[in-house]
Amino acid sequence: MKKLPVTVGVIGSGECSEELSSLAREVGREIARRGGILICGGLGGVMEAACEGAKEEGGLTIGILPGTSREDANPYVDIPIATGLGDARNVIIVRSSDVLIAVGGRWGTLSEIAFALKFGKPVVCLKGWDMLPDVQKALDPVDAVEKAWTLAAKS
Amino acid sequence: MKKLPVTVGVIGSGECSEELSSLAREVGREIARRGGILICGGLGGVMEAACEGAKEEGGLTIGILPGTSREDANPYVDIPIATGLGDARNVIIVRSSDVLIAVGGRWGTLSEIAFALKFGKPVVCLKGWDMLPDVQKALDPVDAVEKAWTLAAKS
Amino acid sequence: MKKLPVTVGVIGSGECSEELSSLAREVGREIARRGGILICGGLGGVMEAACEGAKEEGGLTIGILPGTSREDANPYVDIPIATGLGDARNVIIVRSSDVLIAVGGRWGTLSEIAFALKFGKPVVCLKGWDMLPDVQKALDPVDAVEKAWTLAAKS
Amino acid sequence: MKKLPVTVGVIGSGECSEELSSLAREVGREIARRGGILICGGLGGVMEAACEGAKEEGGLTIGILPGTSREDANPYVDIPIATGLGDARNVIIVRSSDVLIAVGGRWGTLSEIAFALKFGKPVVCLKGWDMLPDVQKALDPVDAVEKAWTLAAKS
């Protein structure tokens, strides 16, 4: 079987502060620099910033959209997947990732972290939900991606 | 429009301790005594104990199953719904409840709590995830159901 | 294991002619007279007429809704299940039925017939898609329900 | 908004004859020659043959898998998406395509054709379900892809 590149789910809110946006962009850049594929929910905020960063470094980005139209994707998504499933699409993001990096995030992000841990996938938190048991806390974007790679290699 | 009875999602692990099982059974009894409909994931553990309690008091129970066969339902489910959607069925339990009561629970339960809070539905926690922000902590089964009714009336 | 009543999926368009509506109502009545549970998509047209008929005869009706609110259900649905999954909810109607009766219907109905035949569930067609291979053609509502019962008993 | 390449859903059975396999491979080649993206269910039979053809011509292939593991994808899928949703994933293939080409196919394929027509997406049939109303009948693989491009441009 061919070896797939590491696929990293980047999760976080569809609207976010400048600070989180800047962190997410750097996470996206670092994933692309390492040759990883970035998968996310395809919308704005953290998702858009991460995709933008990945594209700056020539990475590949996938957006798993809640709605029925691929045109809902942010402009940095290469492969938009329209599910029409609403929030149930969160499960698909998790199932299709080797490892997840949460950048801040609220309840939607928590649902994805919970599914990841249920499915035995490692989770790195940069801000946000980093007090949860069984997640890895990251100090900064480079640390987050480094930890994600180490965890993906082990699992 | 006709007024539906209060529908309470009871969430928790498919395998659980005697203590949690006993609490869940009492939660189910109390929901039925108040005329509520109990909805859950339809499997064992907390789900089965809650359904058993509800049936002891003549209540109605619905199980939203992850698999493709209605025969996976525990014997106390009146209305088994087979989804074939795996863990994505958690969203349906939440969407179809007025209020959720979590009895203990691990990651799957956390995903349901997260969806509930995302969708603006109140959550009462009996043990388990009661340290989360925005959930109501219950002291015992009767307190849990009482709080659920109060919150459902407001929302 | 307890024996569940026969669960019949009644499928058809959300808007329909008086003729189809009248046929669907009679299908619903006949299902209820035989003690079956009626499951459907929960909306208008054929779904509403079938539920209305079932309630006239004291039957139980379940509506698996595409949207996020149980209040979208027609007034004759006893148990509304809100999925938020859009048309993907069609799979759940089929998975949760022992046998399906299609009353007229267009593309959505065809998707349900196709899933039913894929899953090995019998399909009875009253008008509409009755030229398809592997479906049973019914002459009238009573014939449709009679055939459904016979097929459900065999499968 | 950036212009996405045409995305073509290629649908058909997971096991198929040499003849259909050969037709599907040529459909995949022709989609790639025109710069289209091929999306499919990611498994064997028609799906695998179409992906193999697309890769021979340097195309990009996406597989929307029913199971929970990306490793279920056939070896010619570039972007495997694991949904864990079973047959409900058919909706996602349709939602994410501009146009669909069915190569032979049985009930699963019919469910996808039905969803496509429900969602207003054009369908080209090469063998199989070409007697259905509202689908375009193709004479051979090149004709199928040509018709798909014409229809996608109009819709």
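So that you can tell them apart, the chains are marked A, B, C and D in the order they are listed, and the count of residues begins at 1 in each.
Just so we're on the same page, contacts are C-beta pairs under 8 Å (C-beta built on N, C-alpha and C of every residue); 3 or more make two chains touch, one makes a residue touch a chain.
Note that the structure is a prediction, hence the values are computed from the model and not measured.
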item	value
Comparison of B-C and A-B by number of C-beta pairs in contact, larger one	B-C
Reference interface C-D: repeating pair among A-B, B-D or A-C with over half of contacts shared	A-B
Centre-to-centre distance between chain C and chain A (centres being mean Cα positions), rounded to whole Å	40
Length of the line joining the C-alpha centres of chain A and chain B, rounded to whole Å	30
Two or more partner chains touched - positions in chain A	68, 84-88, 91, 119
List of chain B residues in touch with chain A within their complex	85-88, 91, 106-108, 110-111, 113-115, 117-119
Chain B-touching residues of chain C, taken from the complex the two chains share	1-2, 4, 7, 37, 62, 64, 68, 70-71, 75, 79-85, 91-92, 95-96, 119
Chain B-facing residues of chain D, complex	68, 84-88
